[in-house]
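Next come two complexes, and both contain chain A; in the first it sits with chain B, in the second with chain C.
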Partner chain A sequence: MADKKLGAYICKGCGIGDRLNADQLAMIATREGKVAFAKQHDFLCSQDGIAMIQADVDGGEVTHMAIAACSRRAKTEAFSFDNVAIGRANLREGVIWVRPDTDEAKETTQEMADDYIRMVCAEIKYMELPENSGEQERNDRILVVGGGITGMTAALESAKAGYSVSIVEKSENLGGMAARHFKRIPVVAPFAAPQDTGVEALIAQIESNDKVTVHLKSTLASTSGAPGRFEAEINKEGSNVTEKFGAIVQATGFNPYDANQLSHLAYGSTPDVVDQLGLEKLAKEANGGAIKRPSDGKEVQSVLFVQCAGQRSDKEGELPYCSGHCCLTSIKQALYFKNQNPQVDTIIAFSDLRTPGAGGEDFYRAGQDNGVTFTKSQVKEVTANGGSLTVKMQDLILDEETSTDVDLVVLATGMVPNSGVNIDDVQTEDENGQPVEPKPRYDANDAILKLDYRQGPDIPQLVHGFTDSHYICFPYETRRTGIYSAGPVRRPMDMKQAQDDAAGAAMKAIQALENAAQGRAAHPRSGDLSFPDFRKEGCTQCKRCTVECPFGAINEDEQRYPQFNEGRCRRCGTCMGACPVRVISFKNYSVDSVGQQIKAVDVPEEFDEKPRILVLACENDAYPALDMAGMNHMEYSAFVRIIPVRCLGSVNTIFVTDALNSGYDGVMLMGCRKDEDYQCHFVKGSELAHIRMSKVDDTLKQLNLETERVQIFEIAITDIDRVPTIINDMADTIEKIGMSPFKF
Partner chain B sequence: MTDIVATNQTILVVGGGISGMTAALEAAECGKDVILLEKNPYLGGRVSQLYKYFPKLCFPTCGMEINFRRIKANRHLKVVTMAEVAEVSGDRGNYSVKVKVSPRYINENCTACGECSKVVETEFDDEFQYGLSKRKGAYLTFNMAYPQRYVIDPRLIGTADADKAKEACKYDAVNLDMQEEEITLNVGAIVWATGWQPFDANKIQPYAYDRNPNVITSVELERMMDPFGPTGGKILRPSDGKEAKDIAFIQCAGSRDQNYLKHCSRICCMATLKQCTYVREKYGDDGKATVYYIDIRAIDRFEDFYRKVKNDSNISFTKSKVANITLDKATGNPILNGVDTEGYHRYSNPHELVVLAIGMQPSVDFQSLGLNVNVNEHGFIEADPESGMFAAGCASDALDVNRAAQSATGCALRAIQVVNQVAAAEA
Partner chain C sequence: MSDLNTQMKERYRNNFLREVTANVEEGEWVRMCMQCGVCAGSCPMGPHWEHPPQEIFMMIRANKRDEVLGSSSMWFCTSCYNCIARCPRGLPITHIMHGLAHYGKRLGIAPKEQPTVKFSQKFWDNLYKKGRVNELKLGLALYFMNGIGEGIKTSLKMQKIGLGMWKTKRMTPVEMVGGHGCKDIKGFHAILDKARQIEEAKAAQFSG
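Moving on to the complex of A and B:
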């Protein structure tokens, strides 16, 4: 941008003009904030006010504007102008609404507003409009890893929207696990009978679709790049081809749990105990005729299904979770028998029958209507008994042990996600608990995606090996932008859910490549065009930014300098917070745009008895909580100066030491919850901030300052009552320990 | 309203809860033009009325803040509140939709300063709080209500209070002459994200919801937990305002029952397990919860949460469909009567408060709207590959928040397919 033209607009509406001296604010903006002009308006967000600003923008009068009015969360759409940098000073929710309207409060309230004017002027002075990085590439092809029902559906759904797809499938056929099923759980009303899997039709559609390319007997040898410019080496029977992609869907499915571990249920010792896939095989062979038992080919007259076999268990080697689909699958399989011959005894032994939703309960009823017996029993043991099988159970209703003889036993075992390697399985300590250079415990050759990311060759797992999102509201949140997992690799699920999931993941993949083509961030900072920039000459190649990036966005080049990948970046600023030499910044959010706000505050002299407390607040949770405290007119100390930050992870310790050196009496950091149920939207930002701040204690000691002067808090967006309290507590603490000696 | 531009390459999303917001945002962030209709004066739907989500026990407003920020930043997305679909005609790629927009009586000038609310005295039952408390006739529904603009209750119009509200507003934001409008939108695809409503607990007569004030529903308990809710974040007995520390939860209240909803509402088991933790959160070791259930449906990794709750010695589980609830007149305690099927023991258990894990049914009667969609006997829309109309979230099945958002994301793609095909045909 050629010439920066700075201007300020001060709103006097909503009581701002009544409570504050707006002329003084305007004077501070021009004299101290060095903006070219400061215009006042009685009602800035009105059509008239907006037209006034727009005219200045159109006339080239202003390129960087300070809007001193309500919170940045209010009237956001009204105060949005193209091609200008905008800073907001929160005089309403952040000043007049949190201060009593009394004579004695007037002075300190005005000082609060004065400082927010100084801060916003400093901020815009150091803000730039994001520029094009030149990295943007458009690639309309999606890589789908896995050719099962999930992968095929993702491919077809993407193709229908106009995008091309390559499927990489390791086996020699499409269809995956679904192809091994005789029929599927019904997906349309009346949800009464097993229905065709549709796998053959899907394969036919894939084969006739000119937008879809299929690589069978293929795996990935490497995946590099970023959304919009991924490059995958596909290994097909020993030879490699390289293709470029805009985004990736991982639909690598699951492996059946190894039932050989369930010896007490006689799996492996007699062929007449099968798992659910084993029963599908028998049903396929029977093809609508009588199902025969494997040992002697006798038509099965009685069959017992053991639910939760090796699942929902805390035994070593068994699965702790529920696979979700197995109750419905057993009902479906019982109906294979009943529909062919109603005389066959079919017993389902369960502890909780889990058939959720509309179709689930209907299908359960269909099972009951067709004479399937459901018994709330725990199967203790299955033994081969010359020709038949004896099943010992604890009947949980009658509370007694029962025993029954059947021809065939089906174990409803669980799904084990096929998610490659667990990249978090890294050795960081030796056997004596001493820290060592981090070393993966996994074999990188076992990875599926073989990503060239510093953070590891596969995508992170959530729990039990599944690659699900950590966030309830955002099921396709991913820590590897542009790579989305779908189907049972993400979460245990049946075919219908897997197909729905495939559409969702395809949607996100398409969005990722569209965003990448324009240099736009994915959510939570959707549409952000800024990206981290680093000053190479200052960089010490310490690698902290590459290590700490929660999204694996930063690689290292041969000289170990960071290599930013814009498309992967989520613009949280964790790298900016990490950098010990402060060479990483964004155009519109930088070490300076924050640091200069801190320095802009007018720190009164010690004998004024007016402490200054800096609050750095996460813009997603803490800042809205502060805003809502304002909306509810809850009062808090006039001594705080609040700066919203993208994430606490973006807080560089220099902000804290600078503040203390400038005479601030206290610093409060407000971020999100950081434990295993973390709420930080950038995964590790809050946690990293806590780690960094624990090191600030040393600095405080060096400066001979009390450690209470710097405090970090976990704040939820609902902590509306709590934020004023902790601010006031901090103000009390400062009063107790006294003013900082570092005032000038 | 005149500034709404729609073409057959526009996607219409009906319903601004988590599903609708998700579908609208995912499509709009792909560069598609989207119109999002919401019948309430605010976005957020049912999730804005929840205290916490299972299984993370995190706050719904946190994700909502992100979604609101995405909406504010997106110029492809146009939000119309207080709007309901009256009629739909046409076909995939070319629908004509008549929309009725109710008057808010407050225009875009509103700064949410709150002056109108201060002067209004008339109060009405607060539907956001399920009638557990009152609100003023000029109001902002909740702290995070978006659009951040007040509303005037239509019942206030014509009263002196309405004039007072008008006078109090310095910004000409109050317009008492606003009329209902009808607009017609031409769109290419429609996503129905109309969500769910709690089953009418009065219909479950044996549970005495209409007779015993200390029988409440799960959605009401969510409101009680909100520090800004009707009880200031306390679990209070409606009969006497005392803190309720011994709480019974009845599963499948209205669900899995031929007399009421035949389907399983999916969320209620996990919702109850979550609410058991509320009792412990509020009252520590004094809090006691008893769950009366048929099957605990904590599927996939939710099992971890179930295990954690089950291991809490203050929380117990009784496998039983409660037969009826009677009243202990002396204490106001509801008494649950039934048979514990594990061992067939008859019980008659008093508790201080009963929470009905109330079933989920579609908000909209799609059949009566005369839509050309497949509606199953439970009232949910079933997928139809030929249609340009799609059901997202709880319009398609009983779903939890995570699955609703997932379903909505998939629906966004299906809607994009339609408008991309329209665009390709017109190119």
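Moving on to the complex of A and C:
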């Protein structure tokens, strides 16, 4: 867009006109903000107001507009115009609602509004309309890795929605772990008895569906590209075929925990101690008849199930987490016995019975009703005892040590995610603690996806090897855009949950490939058309952007320059914040569009006793919290100037140094929680911002400034009461330590 | 193998649970307890007895027959129905407690010197005799339950109330000799004896 036509619209509704001098705001916009015109309206979001703006847009009067009204989070539908860049000045939630309506406060409140007008005018001057990069492709094929119940369901759900699918399965059959089960936990009312797994029916549906291609005995040799243009090399018994995909669903399931590590429970020393999959095998062999024990083929008369065997434990080599399905699975297996012969004694020794899902509680009752004995006991030891097994346990209700003899013991062991290699397992120091060139400790050949991403051949793991990025906020979303994980590779679960997961991940995959086709971002900035722009001449090849990108979007080209893959990018701006030479920016969000806002603020002289505090607030949580504080009419200092940022990760240290150099007295950064229970919408953004800001202290000391002047906070969206308090605390701190010496 | 050993081997088998299910009033509910302990927390007798209902149910499942039936805990129940009102699984806990107490008594395992047990026996004997409860005799039996000295003391203390009841024709000393009864006492005894026979036959299946 060669010709920028700037205009401002100032709303006087919602009390803005009564509290503020709108004529003065309009004058500032035209004189200082250098916009061509500044129109005032009594009720800008009304039909009449919108029509006025639309007429200017249609008439070519304005291409970049500043709307000074309510928060950018309010009235988004009304103030949405095609093909124009829009900046918003928050005069309602950000000014009049957080300031008292008194004569003394009038002057500082007006100054606040004046500054927000200056800032928005500066912002739109440095904004461009995002344009299509031409990098997009549309490919409506989905690659499903893994042919278990999750993979098959994902494939069928995608096919139902009209997309074609390839399933890559390493074994020679579809069905995975589910096919090894005799029956499944019931999923329909009355949830009273084990029901058919349905795996055979699923396989039949897959085989008769012409949208689904199945590659058995196949693995991935390499995966490259980005959403909309993934290219996967599929290795089938030595020979490779290459296929192109729009998106990928990873449904690689789990491996059973190796019960040989549980020697105190006699696993491995007698065949009559089995794990849950082992019992499924026995049940399959019995096929509805009496289940026989492996050692001598005797019909089992008594069986004891040990819950949480080798899991929910802090012992070395055991799993620390709960696998979620095992309580229900043990009830199901106890019913295999009870339904065949009610005289068989079935004992479930649990520590906490967990029966998730709609029918979980009903199935538990069904187990009790059929005479399964549930005892809250901790099993200490199982010993083979000439023909039977003696189980020593501590009854936690009766508080006593006790023991019982049974024919068969079943260990409810956990799920270990089959997620390939841990790409974060990298050696960075030698034995003496000296930094060395990073070297992976894993074997890249063990990877499942074999991504040719610079950041490693598999998906980053969240915790305990499960590949997800946030269980609650973004299920299925991995930290590789366009690749979604589903089923027990994501978190431990049963077949029902795995199938629900599969449908969810399939929907995400479809969304990703459709977004990629239009050059739009995926969650959480869904629909964003901007992407990182990069001025190659200025790049020093420091690689910080490629390392810090939380989504592995940036590769390196042959000349070792960063190669931005738009489709993989989530538009958080972490690369922009990382770049020491500031050559990375977005069309509508850049070092300039933020930096010029900082500079546009009118900083009063030292003796005016009016400090200025810059707040850079994450638009995901901190900014809404500030807005809500405004909605609740909670007052905070008139000396703050708030700029929303995409993520704290996009904050470049230059913003802070610039602010201090231009005479700001304090800088506050508000981002999401970082640590392992992080809330950052871009996973690593807030954490990286904290690391960068920890280095600002040195700069402050060099400038002879107090370190208290720059503070970083973790803010949740619910911190509505907290944000005004910390702002006022900061204002108090500034009052205590005095004004910045860097004012002109 | 010693008896104790056999008992330990059989732990958590369903033998006793099956017996309770068959012979104890509402006993089929015992297996539905989920061990939350709300009953134990709701019971006003909580501090006084040995085993709360939750524990009794677990002991049944752990096959502890003699300990359960010989326990005095069930005899503490005052039928306040707090546990029934609060049980999330809807177990009729009060009824089960009485059922267990009754079953233990019938088998002769219930504690002999427990006052509720003793009074219950007196109530039953009184009722059995005439088919009607003789309040005068039952009252006196209760006063003298723990010996003559205490009996005379309590009787003298209650003298005024007794005289008042006589005056207002609520009670008569004539009841002391014979007393009122139901019409067909032979038929009444036949019914109760038959019922006892049936119950005992059922219990015998589990006695050994």
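By definition in this document, the second predicted complex is superposed on the first by the 730 of 744 C-alpha atoms of A that agree within 3 Å, B and C clash if a C-alpha of one lies under 4 Å from a C-alpha of the other, contacts with A are read in each partner's own complex, and residues count from 1 in each chain.
Operating definition for what follows: a residue touches a chain if its C-beta (ideal position, glycine included) is under 8 Å from a C-beta of that chain, and two chains touch if they have at least 3 such contacts.
Since we're looking at a predicted model, the values are computed, not measured.
In the three-chain model built by superposing on chain A, chain B clashes with chain C. Contact with chain C, but none with chain B, is seen for A:Gln368 once the two complexes are overlaid on the shared chain.
Within the superposed three-chain model, A:Asp345 lies in touch with chain C and out of touch with chain B [touch as defined at top]. By the touch criterion defined above, A:Ile397 lies against chain B and chain C together after alignment on the C-alpha atoms of chain A.
Once the two complexes are overlaid on the shared chain, A:Asp677 sits against chain B while remaining clear of chain C.
Look at A:Met507: by the touch rule set out above, it reaches chain B but stays clear of chain C. By the touch criterion stated above, A:Ser302 is placed in contact with chain C alone, chain B being left untouched.
A simple residue count on chain A separates chain B from chain C, and the partner touching more is B.
Residue contacts after overlaying the shared chain place A:Asp405 against chain C, while chain B stays out of touching range.
Once the two complexes are overlaid on chain A, the chain A residues touched by chain B in the first and by chain C in the second are 353, 365, 376, 397-398. Within the complex formed with chain B, the residues of chain A that make contact are 13-15, 43, 45-46, 70, 73-77, 80, 157, 160-162, 188-190, 312, 314, 320-324, 352-362, 365, 376, 396-399, 462-464, 466, 468, 471-476, 491-493, 497, 500-504, 506-508, 510-511, 514-515, 523-524, 526-527, 620-621, 624, 628, 631-632, 672-673, 677, 679, 681, 716-718, 720-721. On chain A, the positions that touch chain C within their shared complex are 302, 304, 345, 347, 353, 364-365, 368-369, 371, 373-376, 395, 397-398, 402-405. Against chain A, the residues of chain B that register as touching in their complex are 18, 25-26, 29-31, 53, 56-67, 69-70, 72-74, 109, 111-114, 143-144, 148, 170-171, 227-228, 256, 262-264, 266, 295-304, 307, 319, 341-344, 374, 376-378, 380, 382, 397-399, 401-403, 405-407, 409-414, 416-417, 420-421, 424. Residues of chain C that touch chain A in their complex: 8-14, 17, 31-32, 34-35, 54-55, 58-59, 61-62, 89.
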